[in-house]
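One chain, chain A, appears in both complexes that follow, with chain B as partner in the first and chain C in the second.
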Partner chain A sequence: MEGVMQTDAKMRTESGAESSPRAPGCSLRHFACEQNLLSRPDGSASFLQGDTSVLAGVYGPAEVKVSKEIFNKATLEVILRPKIGLPGVAEKSRERLIRNTCEAVVLGALHPRTSITVVLQVVSDAGSLLACCLNAACMALVDAGVPMRALFCGVTCALDSEGTLVLDPTAKQEKCGTEAADVHHQGALLGC
Partner chain B sequence: QLDQRFWAPTCDCLRTVEPLEYYRRFLKENCRPDGRELGEFRTTTVNIGSISTADGSALVKLGNTTVICGIKAEFAAPPTDAPDKGYVVPNVDLPPLCSSRFRSGPPGEEAQVASQFIADVIENSQIIQKEDLCISPGKLSWVLYCDIICLDYDGNILDACTFALLAALKNVQLPEVTINEETALAEVNLKKKSYLNIRTHPVATSFAVFDDTLLIVDPTGEEEHLATGTLTVVMDEEGKLCCLHKPGGSGLTGAKLQDCMSRAVTRHKEVKKLMDEVIKSMKPK
Partner chain C sequence: MAGVMAVAAESLAGGRARAARTVLDQVVLPGEELLLPEQEDAEGPGGTGERPLRLNAGVRARVRVVCGPGLRRCGDRLLVTKCGRLRYKEPGGSGGGGGVYWVDSQQKRYVPVKGDHVIGIVTAKSGDIFKVDVGGSEPASLSYLAFEGATKRNRPNVQVGDLIYGQFVVANKDMEPEMVCIDSCGRANGMGVIGQDGLLFKVTLGLIRKLLTPDCEILQEVGKLYPLEIVFGMNGRIWVKAKTIQQTLILANILEACEHMTADQRKQIFSRLAES
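Presenting the complex of A and B:
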């Protein structure tokens, strides 16, 4: 049903090239999203933020193993694969954050005793990875037609030693500053 | 306070059949089944230096939750991209001993998330300057293996683990090491030991969110299970935020977040006072 959907940032942006400076603390990198690009999953999305790219696929509502079944709502699973190597402890921590965020938003009560699986593959990482994963997961859930009570989005903010806030930092800016990734929905903080 | 004569006969049945409803009745009266207020912590006790085979150790009890941290120091070559730094390697283990929900085998998700949280706290709070762990740049440095094991799981594992780690690090004594110039071997002088330079004292405060609106401090295992979200705030002594851990769950407004941070500041003072008292009371080795 959906073709390619390009969402350009309405704020002042600089396109991908890291050498061009951004207006201090105000703008995000160029971001884009494409839905329905994989044929097997029920829903899929690719989210791009500058040079960071994450591919998400959603399977569900589907059959669930009896051991994981919840009698009154859907069981949500998130699998995050890094670009290189095997998933480690950091991936597990991020999977939990993404899973709890999706659980707060997905109307699991409409599909009891089923499973909804979100699979995320990191294609390239140039900073703001967690926010990109969250956005890709949200767009993939929408593409799969999973009922949700709201949409959520993620933004990574970096505070450097002087206290200036940089939104959507690149990998270099993240290293110098202290990072925080926020997930917002209707002005309430869902995760960080 | 609830009238026990009225509630006692219905108490046990409701608790098993409808735990959430049971809890809501207490929360409406602004208290919890174990008699605590919404902003009250359980009794905290700490025992420092109990494991003699470890270089530093601490046992923390937060109500029923019991966590022990043991630190061993070993030699290692420093990382090639940072030849003047040592390593601090935390690991949180939730064995089947502490709760029936954990099985033996590779670490489950809860243990991995806790390990990652402790690693983040160490990194963000700069509790130890990794340069202090370097003995000879590019050749030899200390690696501190921090093993945190839960002995009894009754909720609020992150607070207990952070406190145990901090107390154990304060207890660590490293021997003096010199590199013999002729043989290029390390010589360890076990008679001359010195404490680590602990730069900050991060203290974690955990909250559980009920029904998307109510915040309670220091949740027990049962409360964590019924909660719709959790939040852990790690503060250091200057009231600076080290780490904020909120793995999804129901949303929180900015005002509620501020309340949590002020509660965390008060908690920091209590914990620091307790730890200083215990350390002062310990007999010097």
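Presenting the complex of A and C:
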């Protein structure tokens, strides 16, 4: 679907004011999405959550090397490029998580012996990067017209030192737990 | 569009499948389940899909609904697999089935379908077969005998890099696609090697379908502008040729841009070009 699709789920009254505490009801930062912005890939999307922004491009179903082809379903590849530096182990583990999610949702059996490649580029990182990557990948797959059995999304949750749950933490909120003596948990929730 | 998306999200959140009839021409998202008309009676108030037992079992007439692109059968319901607008076509003729449902989605990547007419580029000649790139996941094969008037002695004059207009005879997910340049009677019917010069460019699949509808306004207006030859391939490729290179480029730019223009903007551009 071409054009801009802006879903305005701004549950915080002040967006960008990271120092002030959020409303006690758990809210997300302002998020926005734009599709079909790149001309080369078959599908592309840019997902923005607060100041975190990820650009995703999808190529597929396309040709696959004989060594990588699977006889009865599509080969899904995810490539995640950080904003600076070469991709490392953290990127590899995130790629794996995103790939497992996409494989569960994409109907690969309709396109055997083809490859579907999702390329993610981190444009800016201000907290909850993995969830933003998942959302961008989903919107790009939808834009490319890859058949899927459901949509997926991600939200990062953090427990701060007092034990209250913070959704969609900023980079500062993600970091401040390490200084505290209590255990700080962080995870990505996946919803279908 | 935002309002429509909010409605779609609400109904998905409810977890209840909607009737296909109520969603016609609206945007549907992957993962939605649609009820066919015959199941709507079962989903009554408070119904969880249990059908009431009937004493006379032969009363329910089963209607055969065809499930088109973007939809899959999921038990008794239709599962939406692509994002787009849901369309429905009434059954033509006397009671032939329950009609066709499909999702009108926008895509750039082509997937071969049997019977589609496409423009391909010859990439290799190996023995008796040409390998033709059609924009799908693998190149299609085209036998040298599949041209009008071709025999083992009289081979067609096809070189690597030529443009071919043909149709698929074999195109499914498990086999390599095969195309031919003759119809079932053995006549070319416009298919074969596309001539010299001209320009080949790529557009989205939705635009091709729009341009190929009967009585397309865009095409009639373009035809009044310059004399031209044009070939549409269902794989998103258009070949156009006019008298001069400049006219060819103008036509190519118009066709690429008309996807995003409203009818008024298009008329403005055409009137400006007709003056100059």
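As a working rule, the second predicted complex is superposed on the first by the 165 of 192 C-alpha atoms of A that agree within 3 Å, B and C clash if a C-alpha of one lies under 4 Å from a C-alpha of the other, contacts with A are read in each partner's own complex, and residues count from 1 in each chain.
Here, a contact is a pair of C-beta atoms (placed from the backbone, for glycine too) under 8 Å apart; a residue touches a chain by one contact, two chains touch by 3 or more.
Only a predicted model underlies this, so the values are computations on that prediction, with no experimental measurement involved.
J.: Could you say whether A:K175 touches chain B, chain C, both of them, or neither, answering first, second, both or neither?
T.: neither
J.: Is A:G43 contacted by the first partner chain B, the second partner chain C, both or neither?
T.: Touch partner of A:G43: chain C, not chain B.
J.: Once the structures are superposed on A, label A:P61 by its partner contacts, choosing first (chain B), second (chain C), both or neither.
T.: Touch status of A:P61: second partner only.
J.: Touching A:V89 in the superposition: chain B (first), chain C (second), both, neither?
T.: A:V89: touches chain B, not chain C.
J.: Is A:A104 in contact with chain B, with chain C, with both, or with neither (first, second, both, neither)?
T.: Once the two structures are laid over each other on A, A:A104 reaches chain B alone.
J.: Looking at the overlay, does A:P147 come into contact with chain B only (first), chain C only (second), both, or neither?
T.: The answer is second: A:P147 touches chain C but not chain B.
J.: Which residues would you name on chain A as touching chain B in one complex and chain C in the other?
T.: Of chain A, residues 192 contact chain B in one complex and chain C in the other.
J.: Spell out the residues on chain B that touch chain A in their complex, using ranges where they run on.
T.: Residues 109, 112-113, 115-117, 119, 124, 228-229, 244-254, 257 of chain B touch chain A in their complex.
J.: Which residues of chain A touch chain B in the complex?
T.: 89-90, 92-93, 95-104, 178, 180, 183, 185-192
J.: Once bound in the complex, which stretches of chain A touch chain C?
T.: Touching chain C: residues 1-3, 5-8, 42-43, 60-64, 107, 110-115, 142, 144-145, 147-151, 192 of chain A.
J.: In the complex of these two chains, what residues of chain C are touching chain A?
T.: Contacts found on chain C: 1-2, 5, 29-31, 70, 72, 79, 81-84, 105-109, 111, 136-138, 173-174, 260.
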